[in-house]
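Both of the next two complexes hold chain A, though its partner changes from chain B to chain C.
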Partner chain A sequence: MKEYAYFPGCSLEKMAVSYHLSALETTKKLGIKLKELEDWNCCGATTYFYIDELLAYTLCARNLAIAEKTGLDIVAPCSACYKNMYFTAAHLKKDVDLAEHVNFALEEDDLHYNGGVNIKHLMEVFAQDVSAEEIKAQVTHPLEGIRVAPYYGCQIVRPQKEKEDVEQPQFFEGILSAIGATPVNYPLKMRCCGGSLIISSRTAALGMVRNLLQCAVDAQATVIATACPMCQVNLECYQQQVNQEFGTNFSFPVLYFTQLIGLAFGIPQKKLGIGKEFISIAPSLLRAGQSND
Partner chain B sequence: MEKKEKIGVYVCHCGTNIAGIVNVGEVSTWAAENLKDQGVVVSRDYKFMCSSLGQELIQKDIKEQGLTRVVVAACSPHLHEATFRNACKGAGLNPYLCELVSIREQASWVHTDKVAATEKSKALISGGVSRVVYNEPLEPLYVPIHPATLVVGGGIAGIQAALEIADAGFRVYLVEREPSIGGHMAQFDKTFPTLDCSACILTPRMVQAGNHPNITLLTYSEIEKVEGYVGSFTVSIRKRARSIDESTCTGCGICWEKCPKKVVDNVFEAGMGNRKAVYVPFPQAVPKYPVIDRENCTYYIKGTCKACEKFCPTKSINFTQEDEILNVQVGNVILATGYDPFDAHRITQYGYGRLANVFTSLEFERMSNAAGPTGGNILLRDGKTTPKVVGIVHCVGSRDKNYNEYCSAICCMQSLKFAHLVHERTGAEIYNFYIDIRAPAKGYEEFYHRLLDEGTHFVRGKVAEISDAVRLPGEEGKLIIQVEDTLTATQLRVPVDMAILSVGLEPRRDAKAVAKQFGISCSADGWLIERHPKLDPVATVTEGIYIAGCVQGPKDIPASVVQGAAAAARILGKIQQKEIALEPIRASINEEQCSGCRICNNMCPFNAILFHEDKMVSEVNPALCQGCGTCVAACPAGAISGTGFSNMQILSQIEGLMLLNIKSPKETVPA
Partner chain C sequence: MTDTLSFSQEISNLLYATEGQPIRTCIQCGTCSGTCPVAGYMDYTPRQMIAMINAGLKEQVLESNTFWYCASCYHCTVRCPQEINITELMYALKRYSIWKGQHKEGLIGPTFSEAFVKMIVRGGRSFEPVLAPSYIFSFNLRGILQEVTNATELLLKGRLPVIPARIKRIESFKRMIGRIIPMGGLE
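For the complex of A and B:
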């Protein structure tokens, strides 16, 4: 059984609880154990690094140090958490002076980070650590005929790992094909959702969301699949405001990729957090999932 | 010290290059006083030692004072070692008894502290003096030059080189991997900036090369093995089976007319058109004989068909023909193996291979060629629609840290040519997206201005993305080119019907292997390295191996022709001399001490060490050895010594550098 140190991050406790539930359910089916990191803290989110870099690194390094003690790879379902931890680990490796400062602070907590943790996004677990065959083997309700827009978001392949394709990766499509769905050509799949821009520049952020939604409509997708709570919120919760701002008429369902996998695995909807979304998902999708409990 | 040599020390000012930092007067006086015990009898400084007056100074001392050794403290030996050695030779002193000490590259140019640089120069000279005592008089090795030449690669550079040498009356073996010579130039439609037809100017040369009595043309052939050294290389060439009897084939074309098997031509037609399983790449191919592509031929796959054999009027089809290995003797080699175009698939955001109407430059060349797959009509991928708006993207894969950092040199002009051809044939609106326009050669800038007058749009900015994601009205069904116009600092979305990626030039995928085969080296980018980037651009560090054309770096047709001719001229000069003098700096193995462990055999980068199985000892071939010293250092028994780099020379040089020979070192070495 594969085991990972699981870093849910703040969003998955409340706002993105459906991501949390579906992540745990689907990985369980694949024989993967996500062991929640003990006494974890916030990753610093999108803002803290701009306020106090050193403290922000220390915040992330604390989680890394705890994970290092477990000897497991750390997995984050949220792209921002993943990016922050990945950046921190990379910077600590390169900058000895920074590592010394950070470890000095960690000593207060009897912790020390030696730089030996692998940081993974939850999607990497599905795309790399598990084979497509293993996923296919669990599929009881293939999502046949369901056209899914694979929305990677901007952080999942940034920073670039080795020679990874950061412009047109294909691994998300691979997962979707494995569960029987049809990944559509979604040209804006790597574009930013706006992140927290909605707070400081509402119109610009809504414009970005609009482009992403329109692109999914043009691609004749049934649903957008996301891999990050921030993307999910921006794409789903702001559709009303987009409609007001631009006179559009979007009502486009957005789900976490793990929810789609869960449906294909025949996991009951409730256990996947389905029913919590603002924009109800297409009946066709539920029919494909067939778990009408 | 047993020997008592008479040594002269000459310190050069090099104008202010050295004298600006190093106190040359002080250094010279110091050497005269402090190195007396080592044998220094005269020490002088002079403004330009390399001038004829400077050289005469040394020669005069040799003659009048009977100097037996000379130390010149000046620039790097790379620059003037030969100058001073020749000066000594002119005065009757063996040139290898002259030692050059670099106090410019190793002192004045790299230091700002004048006192320290002066002291360092003293130490360097002291090392040189200690070493020169142990220098041996050496005589150059003379080896005969075989008058035949091997030219690898039948593109325009190789053809030019072959013709020059053949016209001068010497044998050339011209080896080409593809079934025909002509190279990339044969694929092009027009050439910039004169717009003359590429085939019209190339094919006469191809025919000339094909018919020349002094050229042995070996197409569909590759180099198997190279052995030997300058003046006498033995080259094994694999002449792949064409499955055609060349002695009877007339090139009538009935075989490829009758062949039922169509194959997408990914080489000559860049995937835009088809050929048959038996084919000549293009109508003007030289030689005229076709080739049966055994991977795709129905007979070789299924065992039946033989349509070509049935219809061949001269019974020239030979399905059982086998590869031939030819061994030829040559004195010199020219590598003119050219380039590969950058693979546009690698830049995924430009959509090549994903978005139908994104084309590469080579595809466009074929499309615009009257003999090409669309008969010269510029059409979208559907084969019917003429584009109304065309975007040409410059620097694809070039000037980009993610791919190749270098400028590919030809793409600006190539893009301008494309813009002109699109304008001329379709009247479409054209956008050029460029970083800088580089049009530095004769007539190039004028061509650029001609394009400006034709109304082509020029947008200065690197294209971020080519996409089919519609955002604004008017973008439906178009490709949208997202780019920042850096002259107005505006983000643009330019909808076009066709995008042409002007891809850069890359070293051949097997350039490294070819370089290794011929004992030369590649730069980090993969281009073959010339001996000197400015003063010796077609020779390499291995004697007898020359490079010409794009194998040395990206260049246009005129530059490739120039290099082909230049390499030929260099070789003709060598052939005329009939023999060549080799630098006598060589390694030699003491047979008595050699244990036959063969460690040195594989270390030698020039394959110069052979092993005698009978005597169980290794031997250095002095004509192949380049004196690098690798084997000397590697030999566990200390059985190998390098001429000019004996242990005594090196150790005493170190002693000299440390000023151990001088009585009161504390006074002279700064704390």
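For the complex of A and C:
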């Protein structure tokens, strides 16, 4: 059985609780254990880095040090948490002075980070650590005929880590195909949802969300699948505001990719957090992933 | 030899801590501006911003909304042919502007990010409702109503936290932060 140190991040506690529930349910089916990191703290989103870099690295390093004690790799479902922890670990490995300074602060919490933790996004677990065959083996209700827009967003693939494809990755499409869905050609799949600009620069963010929604409509998708709580909230919960701002009439469902996998695995809707959306899901999708609850 | 650093040297120094090439290597190709999804809302595009820094136009740079409108999507950064980390440059400008206490009037970004960091320092985790006062009064009436509607809907769907989350070892956590930033500045 594969086991990971699971870093849910603040959003998954409430705002994105459906992502949390469906992540746990779907990984369990695949024989993967997500063990929540003990007493984890906020990863800092983007804002720590606006105030102080060293503080930002230290707060991420605290989580890395706690994970290191378990000997497990970290899995983060949120793209921002993932990016922050991944690059903090990379910087600490390269820069011994930075690591020394950060460890000096960690001493106050009886922690020390030696640089031995790998960080993965939850989607990487499905795309790399599990084979498509293993996923297919669990599918009882293939999402046949369901056209899904694979929305990667930003920080799952950017900044670039090594030589991976940052322009036209296909791993999200691969997962969707494995559960019987049809990944559509979604030209804006790598474009930003606006992130925290939804608070700080509302007009700009609503414009970005409008473009993403329109693109999904044009691609004749049934649903947009996301891998980040920020993307889900911006794309789904602010559709009314987009409609007010631009005179549009969007009512487009946006689900977490793990919810789609869960439907295909025949997991009851409630266990996947379905029902907490602002915009209800197309009946065709629920029929495809029919589950008796 | 001059005693004081030029603006462009100051900003470049802030960037040397990160990877990526110095901004003086910019060839002004405009790939960043063409890629940026927010460029249309910025006072100056990312390309212009780099040219302005290199020309030493400090006041105009600090008074612009450009770097506060960066959503940190790194799209420019992965495409820059000179491998300049433009997103990190925007972060550096944010820190510089907070440090100098100088930014364009009416921006939400600076007050919001300070409120966010103070919240984390107090409890170790994010609790969205305490952040609302840092931005809601900057919204117009429609914006306020939109925000209230959304919060109500989230609450009804069980998606809005009502009890502030807090980590267990908060005291040692605060001492840890105290070794980085004097707490007087954040409490």
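Going forward, the second predicted complex is superposed on the first by the 292 of 293 C-alpha atoms of A that agree within 3 Å, B and C clash if a C-alpha of one lies under 4 Å from a C-alpha of the other, contacts with A are read in each partner's own complex, and residues count from 1 in each chain.
Here is the rule we go by: contacts are C-beta pairs under 8 Å (C-beta built on N, C-alpha and C of every residue); 3 or more make two chains touch, one makes a residue touch a chain.
Fair warning: this is a prediction, and the values are worked out from it, not measured in the lab.
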**OP:** Would you check which partner chain A:N249 touches, where first means chain B only, second means chain C only, and both and neither mean what they say?
**Re:** neither
Original post:
In the superposed arrangement, does A:R158 touch chain B (first), chain C (second), both or neither?
Top reply: second
Original post:
What is the contact status of A:G195 with respect to chain B (first) and chain C (second): first, second, both, or neither?
Top reply: second
Original post:
Is A:W40 touching the first partner chain B, the second partner chain C, both, or neither of them?
Top reply: second
Original post:
For chain A, which side has the bigger count of touched residues, chain B or chain C?
Top reply: C
Original post:
Between chain B (first) and chain C (second), which, if any, makes contact with A:F278: first, second, both or neither?
Top reply: second
Original post:
After superposition on the shared chain, which partner residues are touched by A:D109: those of chain B (first), chain C (second), both, or neither?
Top reply: second
Subject >> Overlapping contact positions on chain A, where the chain C interface meets the chain B interface >> reply: 167, 211
**OP:** Note which residues of chain A are touching chain B in the complex, please.
**Re:** 165, 167-168, 185, 187-188, 211, 214-215, 218
Subject >> chain A residues within the chain C interface of the complex >> reply: 10-11, 13-17, 39-42, 44-55, 58-59, 62, 104-110, 154-155, 158-160, 166-167, 190-192, 194-197, 199-205, 207-208, 211, 237-238, 240-241, 244, 276-278
Original post:
Of all residues in chain B, which touch chain A in the complex?
Top reply: 347-349, 354, 465, 467-471
Subject >> Residue numbers on chain C that touch chain A, as the complex places them >> reply: 17, 37-38, 40-41, 65, 68-69, 71-75, 77-78, 85, 87, 91, 94-95, 98, 107-110, 112-114, 116-117, 120, 124-128, 131, 135, 139, 142-143, 146, 149-150, 153-154, 157-161, 165, 167-169, 172-173, 175-181
